[in-house]
């Protein structure tokens, strides 16, 4: 029917290249990366750049497409879907393809961009590492994996990308595997995520068999297709149990991947990886994958977990728990990267909360903004450790006062922090507040207040981290201490140290000449440029969907959020039309229909592809409330920190200069110090610490232990089964049978006495017995 | 029926013979016990030949007699041989191989 | 009464007419008889230095006796009956005659060196051996209790003496005496049974007996008779619990004699059993089947588990041949049930043939190796693969074949047995088959133990000088090995020969 | 099933060609090792060439038909014929056996086990090849059984003569176990033969006639076959011969064992037990499925308990074959396809792992996981290959392993022919958990052996450990430094690695061949199960 008038364009049609190019790049790097002048990093950069370009093109064309639709019929903007049959077995078709819509475009852009910046950053950060090439290969493959998943047209493809990322995370986190701790962290990460993957496999199976027949009948599609699953979920014909269990299983996968409570424990350990890895994993790729999965299959979860207004559901609960727990944990970390890690977890909690409460768009929006400032923050941390604190990440031991030494890093860090905390007009403000506002608007008041609390804590712990790192007096490495023994010192456990321990001498020299004998200093351009760019984006990204400024600023809402209209089936059917890579864009009059999708089944011959989610109108009151809370958080925490550290330190320094006359002043100060000390004890211990500490205790001693013991205990179970059951019981039975046989022989040997008479007796006896028995029987 | 008595006699002989084979430790005695059994057989055959009124039984008996003679010849030779080698014909000493 | 009886006897004598004798049919036996005398006389006139000629001569006699068998087979017209069907030459007897003669020939090859080096009485030995073989050849044609008994004794009595052949060796003596006493006792029991069989049916001709036995209402005496007859024959085939003589005798007797007993005379026992069971006792199924069933099961199992314990190779082979006997018994159990009847004979005959090949082969190897190691222990085979790969490979072939591993002869033999048994298709048959299946595994265990020594163990005494195998034994090995492998790969060949569906004169079922 | 008698010489040649090489080698004196190896390589190569030709001549359009079909009288008295043919189900395995043998023989070139005597070693290997190839082409029960058993002795000797310290126990165990299974199998075959009217042993006849047997009889006969095949697979609880055999066998033996021999059992299920006894299959499917899943978990737990690298890999086979059997037990096209794919994938991957294990043993003279570490640093290439194989083995998408596991799990969600859905779905979840455990033990192994710093024991500072005294002289050349992958190893391994990637990236290559045959098989099942 529909005339093919809707603008599609080359970039949209060939978006699959975005994922393919890095994959090829990976192969190329592995193949002949080592021989290249830049050890293969150039291939990585080139391929990612190419992907970025195509993504931009795709984005532009998607915008055109949407505009066109809006001008003609304000209807459903069809995604650009293509499939290639990959293989088929028993009538089940496994395809590869692309499913390009707003969400996909947004994330493609994001992932490609962040990956590019991270790679640039790594150029400098890892220079001279012994596995420089492997690092870039893995990094590239990693991006490719995420892109595959973002593009995915069907579940199998999602699994593919999902697992690729898992593999690369293993390689990257364990990059410096000479150190047992790193490889164990890598193992833990992979294993924990893999636990979630059970959900993915099972969920896929459930959903497939739930949706397959329906998809074949109505869309002549198949049960793996994302679009078919969405339509099926909303069609009203879906069996509720399939929906429920399918969505639960898939959400378990998301929990594993996105470090949601209680499977979040692998994230902090994953900090063992090089900083660029952490920033990539925690900003836009790995951990977002889970959130993306939920966002992508939103109709399924919408129906399966009944994400309706006010309905408490699994996703929301897990989300809110995660955001609180993680935020508490962030307080008690001394490792700057761990602070950021927990903050990531808690931000992911926000996203999940958003998705769980029907705030789809804000959640996606938060993915978008969070990527920028979180990535920036990690890179800053990297920059600090690289040039400021000698590869230490301990804020209390090796940092402080770095603001003077590293102004740019400090500046960008502060801006990003504010963005994360959600200060107007930085991006965090818009995205986080939208989530909170919508949570409330959709009737989850309790959750809303918890979310506010989370915002407060976010501000607080970030302020603390900021202060410890960049203000106060330099401590440890930041003060230039134990600088010289650094190069000889290999026992040092923390990450970037690895590249000295194992880098070739060329690097050691490069390192020496890089910040030879003077203390902390600003990092080089290759490190700063990405940070600056990211920070800039972090500050403006909010305006892509700045609800406060009305319609024109709700760009994402217009271009990213799928329209919740019913669609005449003919259109969707075409999207699966056979033939390699055939795609369609056909424009059809939408069946008009008053019930909203996701609340009532669509009429015959039409399908819904997205539930009608509501959007909270912006209230300045709430906005200011949020600002207030955040501000409070920042200020209070800041004051604490100042009081804690700086004053004491200044006095102590002064003390070293003066001598006898100030002894009792010194006493007084000493008392003051005691006060501070006491103060720290009382206030912090009394307020933050018990909760946070208990939370942390629970985390380390219970959850983490559970995860770890899950490993060890399965191993012990293995030992037990192997020793007692396998070797003793099963195998024993086998050997025993042999033993029995030969023992019978032994038992019979006396009969073979060698005595003729006994032989005769036996002979005749046997005959006689047989005779008697048979006579009795027969006569 | 007269012939039946022969059968009973034969059975008795047979039992004595079997007992001898099982109980006697002396090779020659065992040999003779076997001969008893054979005799009981011949008695049987002849008796049956009468009862069934057919000649086969008597022929059979003749064969048995002849062959039994041959057997005994061989047997005594063996006993002699054993006696030569170990100065004794007690059977329970002939249990070098067992198990 | 008695007097009347005697009258009637005389009367019968008067009606007596001389039977017509088919000389061609008797040719194999006649050739053997001539040969026996020939060897006997030549031996008398031959100096000790030339005794070796005896072996050659004997071999020639066996081959000569083979000729009429072949001609008869080629003419292959309807079966030739003599003495009103008491002595029959038909396909069944011909194939068996052939087997016996072949086995005998191989045995001559095997014994030659043993006797020469032992300086035993070669001439007499071969004469006795030929007598025994003559008995076997007659056994194949015997269809009458008397004939069977005569044949049985004819093949046994020489065997008693051969077992005790090493006069000065106490073990050999013991072997002979045990074999003799028990053998005589067993045949006495057999005779006792036969006498009742005759008495209750009024005839010694198998077919007549079969005709007058009526299943369902058997007299107690008849049951007793059947049991004793089966028991007496079970002794010959060393079926448990009538086997007790076998291990001792086999161990003590000279190895070639052991081979002779475990193959030829055992086979003869089976021939007798088959003829009697199929022709005479078939109607007494309700007695024969359970008895044979138990015998078969016991024989397989006990033979195997006992063999597991043995450390002496000959004794182990003795027990193994006991258990093999159990397998050969299996088809006889299902005679006349379902549609199994026709394939029973084939199964047994094929098994006997293949068993002859592989067992003789195994014994040849034992002889060859023992000439060097002077030991009968299984461990003496250690490292054989290292210094005598040829023998090792051959031993592997024979052992594997005995264990029933395709594509070797032993497998097709066992396969036939199982096939026949399952063909009967009733529960008893299936249970027996399963017992057999389990036993193949147990059996494999001890055969593999030998191979383990051969391939994987080091030579017990570091002596690894190559073994030199006398040409006669080489010939024996060649024949047996080729036979074993060929029958495994192309069973079609023998299965066709063994394709004898019925015995002449067997009751129409 | 229809037949095509094109090029009917091809299979016979391909199967028996190795025997020619054996004959030649018999007449070459033991001392001429190079010559012997050359002959062996040439023979295997020629065989492989025939195999490749077969690939080309095979008509993929009609993969469900028996091609290159031959039917000659063999033992007519027992109505057994020399019937051979090839269809989509057997082609991959048939070819795989040739490839593996060829590569293994190449590997032997400079990795001869310490017991020496390449002559008999290579001869046994070639005989083995005949048995394996024959099993996959046989279309007659007796013929199948003969080939199935022919494999036994060579393997017995390969383990027993060239194996590790407990080789005698292991080899005997392997032998008796298999004998036990096949004894019952033979009884089952005969029972089937008579139940179908004692007309013929040919698969085609039995497949068409088998379905008519009454149900309970089918169940009994299936039980017999189950014993035979399950031992070979091996399925829990008949698996205990496997770890011993694998651990003790020489590298070449382990590779062949893992790559081909285990497949004889699963192949038997797909080719014989299930199509010939549909009702029996339906009755037994739940049992098989349960045992399979037990095997998955159980094997994984066993792996976690291992301290010996090779034994760990051996146990992982139990788990992987569990997935295969799970796929088969669903009686669906999807499942059986997955199973067949899984067989080949497991053959390649585990074979590869055993190769690596063997080479590690060759260099370090130990496989104690606790003593190995830092392999990546000492021999980066070896380390990466191990990692690659491990990743493939734990079922990473994009590598061959995944396509055996995932579809099997998928299929378990909706088994065919009214099998108990709840049961199978539960099993599906457990099996999915199994994938996690797989990741656990493989990565754990990798982390302990490849990562970290090389233990001083092997990094050259210390003289060689006495533990390797047995063959110290044999390895005198690399006491001080550990070589990375050698050229011969590259030649032998590259095909495996390539195949793992290729089948992982484009599984259609194999599914395309198998799918038609399998769907016809399942269709026939359907006819007899719900007419």
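Order of writing sets the chain letters: A, B, C and D. Residues in each chain are counted from 1.
In this text, a contact is a pair of C-beta atoms (placed from the backbone, for glycine too) under 8 Å apart; a residue touches a chain by one contact, two chains touch by 3 or more.
These figures come from a predicted structure and were not determined experimentally.
Visitor: Work out per-chain C-alpha centres and flag the one nearest the whole-protein C-alpha centre.
Guide: Checking distances from each chain centre to the full centroid gives D.
Visitor: Return the chain pair with more inter-chain C-beta contacts, choosing between A-B and A-D.
Guide: A-D
Visitor: Relative to subunit C, which chain has the most distant C-alpha mean position?
Guide: The chain lying farthest from subunit C is A.
Visitor: I'd like the Å distance between the centres of subunit A and subunit B, where a centre is the mean of that chain's Cα atoms.
Guide: 98
Visitor: Just how far, in Å, is the C-alpha centre of subunit D from the one of subunit A?
Guide: 39
Visitor: Suppose each chain is reduced to the average of its Cα coordinates; what separation in Å results between subunit C and subunit D?
Guide: So the centroids are 44 Å from each other.
Visitor: If you average the CA atoms of subunit B and of subunit C, how many Å lie between those two points?
Guide: Their C-alpha centroids are separated by 25 Å.
Visitor: For subunit A, write out the residues touching at least two other chains, lowest number first.
Guide: Expected reply: 738, 749, 752, 754, 756, 760, 764.
Visitor: Multi-chain contacts in subunit D: which residues touch at least two other chains?
Guide: Residues 176 of subunit D touch two or more partner chains.
Visitor: Out of subunit C, which residues touch more than one other chain, so two or more?
Guide: 177-178, 181, 185, 189, 247-248, 309, 445, in rising order.
Visitor: Sort out which chains touch which and give me every pair.
Guide: A-B, A-C, A-D, B-C, C-D
Visitor: Could you list, by residue number, the parts of subunit C that touch subunit B in their complex?
Guide: Listed in rising order, the residues of subunit C that touch subunit B are 1-2, 5, 8-9, 12-13, 145-146, 149-150, 153, 157, 160-161, 164, 167-168, 170-171, 173-178, 180-181, 184-185, 188-189, 191-192, 194-196, 198-199, 202-204, 247-248, 251-252, 309, 315.
Visitor: Residue numbers of subunit A touching subunit C in their complex, please.
Guide: 738, 741-742, 744-746, 748-749, 751-752, 754, 756, 758-760, 762-764, 766-767, 770-771, 774-775, 777-779
Visitor: Would you tell me which residues of subunit B are touching subunit A in their complex?
Guide: Touch list, subunit B to subunit A: 18, 21-25, 30, 91-92, 94-99.
Visitor: Which bits of subunit C are touching subunit D when the two form their complex?
Guide: So the residues of subunit C touching subunit D come out as 346, 385, 389, 396, 400, 403, 405-407, 411-412, 415-416, 418-419, 422-423, 425, 430, 433-434, 437-438, 440-441, 444-445, 448-449, 451-452, 455-456, 491-492, 495-496, 499.
Visitor: In the complex of these two chains, what residues of subunit A are touching subunit B?
Guide: 749, 752-757, 760-761, 764
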